[in-house]
Amino acid sequence: MRNYLIFIQSILLGLFLAFGAHAQTIKNPGILVHAADDEATTLDPAQVEAGEGGETVILQVYDRLLEFGPSGPELIPGLATTVPTLDNGMISADGMTYTFKIREGAVFHDGTDLTAEDVKFSWDRIVEMDLPEGQAGVISDIVAETSVIDDYTFQVTLAERSASFLNSTVVSMAASIVSKDAVMANGGVVEGEPNEYMAQNAVGSGPYKLKAWNRGENILLDINENYWGEKAKLAARIEIGAEPDVRVLGLRAGNYDTIETDPSFVADIEGADGVTLHTGGLLLEPIHVGFNLNIPEGSLPKEDTIPTDFFHDPRIRQAFNYAFDYEAFLYGPLAGFGEFNPHYLPIGIFGHDANAPVYGAQDKAKAEALFREAGYWDKGFSVSVITEESNLFADAALVLKDSIEGLSPKFRINVLAVAEAVFDEAHAQNPVEYAMWVKNADPFADPHPYMSAYQHPDGEWGEVHGFANGYRNPEKIAELIDGASTELDVVKRAAMYSELQTLLFDDPMWLITAQEGVTMAYRSWVKGFEMNPLWPRPSLRFSYLDK
Amino acid sequence: MDQDGTSNSNSFSNRLIASVEDLKVYFHSKKGLLHSVDGVSFDIVDGEIMGLVGETGCGKSVTARSFMQLVQTPPGVIAGGKIRFKSKKTGNQIVDLLSLTENQIRELRGERIAMIFQDPGKALNPGLTIRAQIAEVFQEHRENDVFEKAKLSHVLKGFIGVVLKKYMRQETNLFIRLLLFFPPIRSYKKKLDKAIDKLVTEALAETQIPNPEKVMERYPHELSGGMKQRVMIAQAIACNPDLLIADEPTTALDVIVQARILDLIKELQKRHKTSVLYISHDLSLVRKICDRVAVMFAGKIVETGNSDDIFKNPKHPYTKGLIRASFMTHERGKLEEIDGINAT
Amino acid sequence: MQIKDYIIRRLMILPFLILGTSIIVFALTRIGGSPIGIYLSHEMNPAEVQEMKERFHLDKPVPIQYFYWIKGVFQGDLGWSGVASAPVVDVFPKKFAATMELAIAAGIVAVSLGIAMGTFAGARRNKLSDHIIRVVSVSGASMPLFWFSILLLIVFWVWLGWFPIGRSDPNLFEAIAHPTGFYTIDAVIAGNFAAFKDAIWHLVMPAVALGYGATAIIARMMRSSLIEELQEDYVDAAKAKGLAENVVLKKHARRNALVPTVTVIGLTFGFLLQGTVVAEIIFRWPGLGRWMAAAVLRGDQATIMTYVMFTSILFLIVNLVVDVIYANLDRRVELGD
Amino acid sequence: MALVDQKKIIENEPIYDSAFKVRLTRNLEILSNVLANPTTVIGLIIVILMISMALFAPIITEPNTPDPYQMPRDWKAARSAPFTPGHILGTTNRGGDVFYGVVWGARTSLKLSLLVVSLTLVVGVIIGSIAGIAGGKIDEVLMRIVDVFLSIPELIFALAIAAILGPSFTNIILALVVVFWVKYARIMRAQVIRIKQREYVDAAKIMGASNLQIYLKDILPNSFSPVMVQATLDMGNIVLVGATLSFIGLSEAGIAEWGVLVSEGQAGISAGRWWASTFPGLMVFLWALAFNLVGDGLRDVFDPRTETKR
């Protein structure tokens, strides 16, 4: 017995001596440790979903023809040596043909040279594979034909004129350039089937090489010494799936250099020693509450008392928009980091009209009046809102619950915070079997994708959710959106979007809770910090950073 | 070693091996202090079989356990009295068993005073072989003999001796065990084991156990009740003690086995000239083997005397009742007992 | 009954138990609806969803799906884990080794500490040390692991910085080969002391957190069975032989008190295994538990199925082993049903 | 020696006397034995405090409308320290009042444990009784099913089920019921088989009692003590497992439940906001501790093995 005690004592003493007192110097020198939220599901540009963990890696490991610069939406050359414009003649006068001069001397990680052939192959590959989970549409919706002019010249012909081709297609992670040799040597291209090799390995030309992917643990990136541009200064390690609290604790302890942050963390990070909080600017992913105007009969949860055409009435949609406690959401969960922005053109995007009318503040009287007018004030209603659990979306749903239930005791909102997969499945149904949900938009650099995806009556969501059933004048809205997308005159285009915003104020299809502010926490020893919300999460290019 | 000087030494005559004087043992229980043994005095004459009789719960077992300081304290309290004991093999020193230190009493236990328990099924460790259990006695008290028998006396001094002694006293730790694994200590250890085997076999043989080498390797649950009690006896007399305390050694056994065990105890007692304190609730049994008897009732001795005298001429009413009660069982037992003996 | 017969009988029942478990678990996973969600994104259209369903046979009736699953199991295909972005079989061995390493470490902590504490307390019944150990052990069994782990994390990782979280320093981890998957053993094989120290270092916090509850359970059982044994006649008989207190305690009483404790140790294994889920989440241990937790939250049913099945098989085998050990240790009982 | 005699009388109590009076006196004695253990009494006091807190929750704090089991959220007062006016134990990240969560969490826990224990007890006792009384093939089949359920560690099983059913408090209850009934079935079956063989059951049979009568009058009451011990222990365990499931993220959003609160509050600890997870965590601990202490006390009394020798 005594032996045990002595043993334990000596162990504790040993521990203390060995690790009790070590100085607070830069931890993990030579390597950037980033704590991420999600595991990557795939590293294949042809398979990766927008906004998914794999994009974080693809951004660092692969190159694209053009990139977004360190801050803001301006484009800088990537593998293409110049950004095509009408002026330099690389965009044809009709706006249909784009020419890219490919950088000479770029080399893939496997040692092979990068040529225009690889570029064409990469673009064609994603269209040919056309994986349901991937983003083939980013290219196939807009590109009619790709061609190799010579070893270092690549040309694209569009299907129709587009104001957003460069800053939504060319820079997309889906348009990353992969090594043709590597793909052909490992499974080739098969329609409708993922390429397992590419999903788990990365043969790109970017500043980083994939060293190891320990699932559920970390992804290790090595510096690509043969990079054509400025070499990365630090190797990188992405810690996967760190819960918010672990991320915060790790950052405070100096074990992590950068962490994926959302505004709800700020209170936990502010004032911590050796930690810098980068704020300012806004993310381009408005958090929205969706209304379903296309509810299949008998599909709603049994607590719901609303009729299926509940949201066809614009007054009810307006009433929800008036009832929401924007301040509670912005100053509560978002900790003040963000903007009131209740319409679907985010601040910072071309076409956003600061003078357009917005909801922005809770107005219970107007909400009550509209509910009375629509005939639900005395009747009351109960409706379920589906969301992913334990994140800002759940908070937004709870604020919605508190706002609506605070209006009248006859109103009930049931928050169904479900697993991500359940949410995704519910969300992917057509028609969706829930009346409301909370989610955010995907970021774009151009107003058109927002408008077509989220407002157009025949757009991606408009079709699924039956927007045509609810708009006071769906034709007018469709016409405006379509017109703006092909309008190359900047002033005219801006006016069209401004008009749209006014129309959509009177006839809202979403409840935009807020536009989330940029918050990014990193150890103060990290040098050269740059972030751009247009880069995939966490909006960092590790190669810029040093410590 | 006699703790108290002159006053009592007079009363301890040379004839005696042990003497209990005004022993008081109490127990704390939920319902108050229980006077389990309340002023008991009796002597055990050297070489005799002394009987201690009384019904279950009257305090006889507690008295017996007091000899070895085996009464659990708490809840027990030794409230007073002395148990004086003459240790023949160490120059007839007279000691008070109750006031010995833990180490002192340990030297006596198993060596000078041994005990046979009521239920051999419970008193043998179910997890150890018979060999291991008997060997312990030799390992503890006969270290020199074992070394001599193994012809290893020469290694006793020095490092190897220390290791082997630790092994004998079962004070091994991981380090010692590791050492024992390597030659030459390993071979010494084997020799020691062999010597112990021999001693154990001899002890078992003495209790007329057939095939002691095989029995030795068995576990208690593989043996019959009678065999187990023989093992207990072998273990008790292994060191040839001065005083053997037999606490109802036959109660848990059936009648035929009872008789054999009784005979065995008596025979061994004669051969080794051991004194025996024989505890029983059965007066007729006691009469058969005991020279003298003390009758105990409710924590007190009510009558002491020659066993035949007490049986023929009981003075205390309790004794009378006890005799009447045991007479019937005795008669029944006797018939079966005779049959049993004839049959073998 | 002979031990051999008993084992054979139990081994014969084992496949049926496993089959039963698989049916129950599979049925349950399908009650909640199709597991397609993990493979979908909100941007897919119905045709694409249908395509995904076909890829994973989820367009078939449930019994057929079960058949596909069983068929897959026999072919060494446990499905595609949406959480790990890889086939379950590819990821499983690594995670399994990590979890086992943690569970075994915690088990070693629990068994050695539990037996020591239980013996210590039992031998000093109703003394101060006994009371302290009793309080510790009762509180251990009631302590929410998630809470205790958080406290450890705060104190030893954030405040004191003594112990790291995660499983290893990735650089050291990458530096050695991993033939067994047990990082400590791999480090020994590689003869890399730094890696070995690193492995032990990372194990300390989760193993202690996880082991605490089990320690409590074992200590409690050990204490009560030791007290029981100390009241047996053979203990008095051993004392009557003149043996030292320590020998009586260790060789006689403790040995027998260990017998019922062994069964509890078997149960403790289940306790440890399920505790890994919480401990691995909090300490970022890249094992099965953490994977399972992620799978649970994201509806990754291939992983859930595999994990539950595997855990229960492991649990059954451990229990069988424990029974056999128990039978070998305890001379008083014969094996029965 | 009067005490010894009394002990003998208790031991020799005629076992076929099934009269109510004997049972009552025995119960009273059991009660006094239970209360003799100070740790049990401490446990009992905590249990009573916890349950009163749960029962009087609407009086202690004003219930949130319309759903009192939802935390009242004052978003703008999020992350207030303890002793802020109106928030004696501070607030959570969502501005939920921690004191409200602690109090109503007790009610949630009581609801959870009572529902699960009573449901599992009924299911388990019925199945165990059927297996024990019927014997033969029915017994064999039922026990194999029980074996299958027992072969999956309970938290993992509950986790899997709760995950599949989707995150909600009701689903946690369901999952725990599916997992916890087995123990009762096992205990009950063993008891029934043991008691079936006792003399008084034979005696009752000879007296012409029907099987149901025997079951209700003799077997059921006499087999209840181990079931009750298990139920008491489970009252604590279930809250522990339930809180763990909530912690992992399987409960409803915004509900007043201790595990949810700990999980919500853990990130704040490093920033010095210890209160949001410490108090609810402490409550889970105390709740489990109290029921464990009482359960242990009961087991000590009911289980003759731990009765100490003189």
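Labels A, B, C and D are assigned to the chains in the order they are written; within every chain, residues are numbered from 1.
Keep in mind that, in the parts below, a residue touches a chain if its C-beta (ideal position, glycine included) is under 8 Å from a C-beta of that chain, and two chains touch if they have at least 3 such contacts.
Source: prediction; values computed, not measured.
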- request: Give the chains in contact with both subunit A and subunit C, ordered by label.
  value: D
Field: Result of counting contacting C-beta pairs for C-D and A-D, higher pair
entry: C-D
- request: Quick one: point me to the chain whose Cα centre is farthest from that of subunit A.
  value: B
- prompt: Which integer distance in Å separates the CA centroid of subunit A from that of subunit D?
  reply: 46
Field: subunit C and subunit D: spacing of chain centres that average the CA atoms, whole Å
entry: 24
Task: Compute the distance, rounded to whole Å, between the mean C-alpha positions of subunit B and subunit D.
output: 50
Query: Distance-wise, how many Å sit between the C-alpha centres of subunit A and subunit B, to the nearest whole number?
result: 86
- request: Specify, in ascending order, the residues of subunit B that touch 2 or more different other chains.
  value: none
Field: Shared-contact residues (touching 2 or more other chains) in subunit D
entry: 163, 166, 249, 263, 266, 269-270
- prompt: Can you list the residues of subunit A that touch 2 or more other chains?
  reply: 249, 252, 389, 419, 422
Query: What part of subunit C is in contact with subunit A in the complex they form?
result: 33-46, 48-49, 51-52, 82-86, 91, 94-95, 112-113, 116, 119-120, 123, 153-154, 157-158, 160-167, 170-171, 174, 201, 204, 281-282, 284, 286, 290-291, 294, 296-300
Query: Hey, which residues of subunit A end up touching subunit D in the complex?
result: 244-245, 248-249, 252, 264-265, 267-272, 325, 327-329, 331-333, 387, 389-390, 394-395, 397-399, 401-402, 405, 409, 412, 415-419, 422
Message: List the residues on subunit C that touch subunit D in their complex, please.
response: 13, 16-18, 20-21, 24-25, 28-29, 31-32, 134, 138-139, 141-147, 150, 154, 158, 224, 227-228, 231, 270-271, 273-275, 277-278, 281, 292-293, 295-297, 299, 301, 304, 307-308, 311-312, 315-316
Message: Could you list, by residue number, the parts of subunit B that touch subunit C in their complex?
response: 65, 68, 70, 102, 106-111, 114-115, 117-119, 122-128, 136-137, 140-141, 169-171, 219-221, 232, 235
Message: Give the list of subunit D residues in touch with subunit A in this complex.
response: 65-66, 70, 73, 75-76, 78-79, 93-95, 163, 166-168, 249, 252-254, 263, 266-271, 273
